[in-house]
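Below are two complexes that have chain A in common, paired first with chain B and then with chain C.
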Partner chain A sequence: MLPRARISFSRMALVHLALVAYALVSLFPVFLTLINSVKSRNAIFRNPMQLPTAETFDLVGYATVLKQGDFASYFQNSMIVTVVAIALVLLFGAMAAFALSEYRFRGNSLMGLYLALGIMIPIRLGTVAILQGMVATGLVNTLTALILVYTAQGIPLAVFILSEFMRTVSDDLKNAGRIDGLSEYAIFFRLVLPLVRPAMATVAVFTMIPIWNDLWFPLILAPGEATKTVTLGAQMFIGQFVTNWNAVLAALSLAILPVLVLYLAFSRQLIRGITSGAVK
Partner chain B sequence: MSDATLFQDAAGVARRPRRWHIAVFLLPAVLVYTAVMILPLVETLRLSLFNTVDGQSTFVGLGNFKVLFGDARWAADFWNALKNNFIFFAIHMLVQNPIGVALAAMLSTPKLRFSAVYRTAIFLPTLLSFVIVGFIWKLILSPIWGVSPYLMDLVGLKSLFSPWLGKPDSALIAVSLISVWQYVGIPMMLIYAALLNIPDEVIEAAECDGVTGWSQFWKIKLPLVLPAIGIISILTFVGNFNAFDLVYTVQGALAGPDKSTDILGTLLYRTFFGFQLQLGDRSMGATIATVMFLIILAGVAFYLFVVQRRIRRYQF
Partner chain C sequence: MGSLTLKSVHKAFGSVDVLKGIDLEVEDGELVIFVGPSGCGKSTLLRIIAGLEDATSGAILIDGAEVSAVPPAKRGIAMVFQSYALYPHLNVRDNMGLGLKQAGASKAEVATRVKAAAAMLSLEPYLDRRPAELSGGQRQRVAIGRAIVREPKLFLFDEPLSNLDAALRVNTRLEIARLHRDLKATMIYVTHDQVEAMTLADKIVVLDGGVIQQIGSPMELYNRPANLFVAGFIGSPSMNFIDAERLGIQEARTIGIRPEHITLSRQSGEWATNVAHVEHLGADTILYLESEKAGIVTVRLFGEHHYHPGEEVFATPAGEQMHRFGADGRAIR
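Presenting the complex of A and B:
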């Protein structure tokens, strides 16, 4: 028994070593950006690896960002687009998933296939015609354009995941509701929706990340100052201030922080969602 | 339709009232999806068969494709972008996915402590936007800042440092590796989930037969997670054609130096939207998008009809 325990101990140590090393590789660039964003220009270049000390602590970068860039408004735009798009994806996706999983009707599986097409084909391939359509309807440089695109982009995966989960909701429960005289709408909103809430959270996270981080559609559909999202705003700001390292690092940190806070708050649910829902 | 079927339909409707709620449930999703995604996609495919001749939009058949594949002004850029796209994909398959599998295998070691911490840390970059990731690495790899030479000096490799992003030979590899750094969390998570799904009895049976450690991983676990590896490969393949943001952020729309990092995404952007002195060309943009569409279709079809059928699935 003893030799085996020793072997597994040394193997365990190796595993920890490798994982720590890779975790450092993952975290180091983020860490480096955050510590240097609060240092003076000289300190950034002389000692990039050093933690900020009382002497080198300097918020000049953040001051530039707050003065020059309109980050509060970018942030607001990103929030509006992301929240509204997620709400629509969840509502429309859940409704369609319910129809597909609950009722038997002609064309059911064909409809399911049609909606699933979008999982594999990136919506970006249609950008030429999307831009044309948005110009024709006067939606260029509005948040509505982005919300519409992201809603369409999110629906296929939402329908796919949610209909898998809705199949597991017990029929007895729904039939009991029907006997009690609930309408089909009431059954959906009052009985089924609350039961698939965990799956909705998974879908929300999967939908949120690509929307918040997208550069392509804001760049093409809504590049105007009033509709810039954080991602596009940071991109343009950094492009302008490329030689001002304090400002660049501060802008990067401001873009990282909301994601970091959200991630640390929800990482357990997120990881559970990925490891349970996604691969089935 | 014959009278008999009409009659049957009428009887069916009479037996059960029209279930309007099904349409109501489906309508919003189908409407938005069709109007904003499917119709533009179809319209883009259609546009690729048209071009402006004497100020009029005219049907040119496969003329645009001929220009894209053979005309001196377009062909060089197109084949260059296509080649780079495949290198980009190959680096992901050869580096990102094996690292992801290795990390997942280590994470799934039984009774591993801090595994949640490792998972959280390694998955973090995946959540950051390309813009953030691109600029951070641009700074780190910049010879002006000197972080990379300093770090390489620690392991005695300082002489190997060079401004990788600025050299045509190494820029594409550097950009691909940045993307690998960012996205390694996805294969890791999916494989990790697949490994956790392997029942304990299978592992115990293997241990009773003396199959442990490395050979257990190769002979038992890896074959069991092959379907997940297949899914990851196809995700990587499709994601490849979305990889515009990183190149745009790190190297600009011209995908420098000397178009060495130009991929189909950046080529599409420059072509249809225009950049600097180049005017936007809708027809050629649609043509490039159509080519990307066909490549993705071919890849997905290959996966569905060839790869997925060969992979043996085990039911527990």
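Presenting the complex of A and C:
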């Protein structure tokens, strides 16, 4: 806890002012999307900032989204891709991080650097090669293609963050496990992972958002109807000449929900991990 | 059951030699203490015995069987760590029972052995608590309990008292001594605190620079230190070293005399000195004297003595308690 008494009121006020301002800036686009998604088409263009009134309230966007296209299946696709990719990123990222932080072997730091390179080089540079690979392996228009690409995209950051955290787990604890006869896998899963849970939650959140929001890879690797994700699905309302803004905004508003639920789930982990008083 | 033999154990980290050939025999039921300044290799040696670190060369035998290729859990050892190293997500009972459970003991056996160990350490009321809900002393007792439950051939203690406050340290020290008597187990104990070493050990191994300086009982080390390092390390305050030439002694390079083996007099004595500083500890009085002949000399007197800085006193070393060391630092006998 911060020593409260020593921080003056004015300083606290300033800090809160800055935080509130930042929160407003971040939330404003979301707010705008939400209010406009329940307004009629005319109202969206005439008074985009206005809150929906009795006259302008219109659920036509939601009606269109739920009627047209197979949005339930788009949601399902997005959800599967995101959840499986996060699970794989956490599993493999944590395992690689454990190996890098725990074992001394030749080329350890070189391997760490190699794995971290992915943070600096965007995976999209390799799109052509990835597409060729997917075509060759017959994975185009499958969710597997997306899951593989997103796993690769998420692992560098996961390894980077988790290996830093794993270095802070006490060596004595791991050695005590070894003397008690735990295998290296048991040490990893039963001793180390619970202790780095807050870091895992952080990585999960950082990994999740770009995957959920991505348009690029679904468009290139899995544009088929059966594998469309939400972001790609929403695109069908954006036409070259006419855009159905009601439907786009409604689709985007709906798309916020699952990601919000996931975020809440992870952030609860984050807080629980910190307060469990785990380390020593 | 429970002897240990080390045969020329070497350990190098890269190009740094940490242990330079350690030979040691520990007999069944002994409490052996490795003591030395930080960085002397004592913890590394313990970790090699535990199997947490591989020796670069040399042999480690527990009960006459070579264990270099045996994993830690199969060596029949238990270890108590400085940081307790309790599993934070398990309660005390599971912390103590985990090793047995992993080794395939039945539930009933684990329960009885945990109960017995908990009784021995008066931990019964805490069996269902998590480590985070225990005090430092209780955690250390749980860590010791975890070792007892496994009924190992060899107990290894890695500076188990350094994280405890002074009062608790004395209590836990007594507890370890009592356990050693009750269990008659072989124990190896690492510390940098020579008081712990002197009070607990059957046998002390003094290490410095990766080499065993001397092995012996506490009193052997105190009365007959093999070299300058041991002489200076064992005993508090540490031994006075005086250039032999200044005292006119030919056959040695350095003369060592313990602070408690010097007597003081206001009237007459061998060395005329000035009192530089006085420390009153109640039971002891420690004086720092400046003399022309012997340089700065520490003197420990028993009981209360009222000397004042600047006062002139005469110091006389007890001749038979003088230690002579040659040019190579070894004791001359």
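Here is the rule we use: the second predicted complex is superposed on the first by the 198 of 280 C-alpha atoms of A that agree within 3 Å, B and C clash if a C-alpha of one lies under 4 Å from a C-alpha of the other, contacts with A are read in each partner's own complex, and residues count from 1 in each chain.
Simple rule for what comes next: a residue touches a chain if its C-beta (ideal position, glycine included) is under 8 Å from a C-beta of that chain, and two chains touch if they have at least 3 such contacts.
Computed from a predicted model, the values in this text were never measured in an experiment.
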### Query
For A:S170, is the partner it touches chain B (first), chain C (second), both, or none of the two (neither)?
second
Task: Could you say whether A:A152 touches chain B, chain C, both of them, or neither, answering first, second, both or neither?
output: first
*asked:* Contacts for A:A265 in the overlay, against chain B (first) and chain C (second): which applies, first, second, both or neither?
replied: neither
Going by the contact rule set out at the top, does A:L257 touch chain B (first), chain C (second), both, or neither? neither
With both complexes overlaid on chain A, does A:R124 touch chain B (first), chain C (second), both or neither?
first
Between chain B and chain C, whom does A:L182 touch in the aligned arrangement: first, second, both, or neither?
second
* To do: Determine, under the contact definition given at the top, whether A:A63 touches first (chain B), second (chain C), both, or neither.
  => neither
Across chain A, the partner (chain B or chain C) reaching more residues is B
Contacts of chain A common to chain B and chain C in the A-superposed view 276, 278-279
In the complex, the residues of chain A that touch chain C are 170, 172-173, 175-182, 191, 194-195, 276-280
The answer for chain C against chain A in the complex is residues 47, 50-52, 71-74, 77-79, 81-89, 98-99, 102-103, 131-132, 146, 150, 158
Per the touch rule, the chain B residues reaching chain A in their complex are 19, 21-22, 24-26, 28-30, 32-33, 35-41, 43-44, 47, 99, 102-103, 106-107, 109, 112, 114, 116-133, 135-137, 139-140, 144-147, 150, 181, 189-190, 192-194, 196-197, 213, 228, 231, 234, 238, 241-242, 244-245, 248-249, 265, 268-269, 272-273, 282, 285-286, 289, 292-293, 296-297, 300
The answer for chain A against chain B in the complex is residues 11-12, 15-16, 18-20, 22-23, 25-27, 29-30, 32-33, 44-45, 48-49, 88, 91-93, 95-96, 98-100, 103, 105, 111, 114-115, 117-118, 120-133, 148-149, 151-153, 155-156, 159, 183-185, 188, 209, 212-216, 219-220, 231, 234-235, 238, 245, 248-249, 252, 255-256, 259-260, 263-264, 267-268, 271, 274-276, 278-279
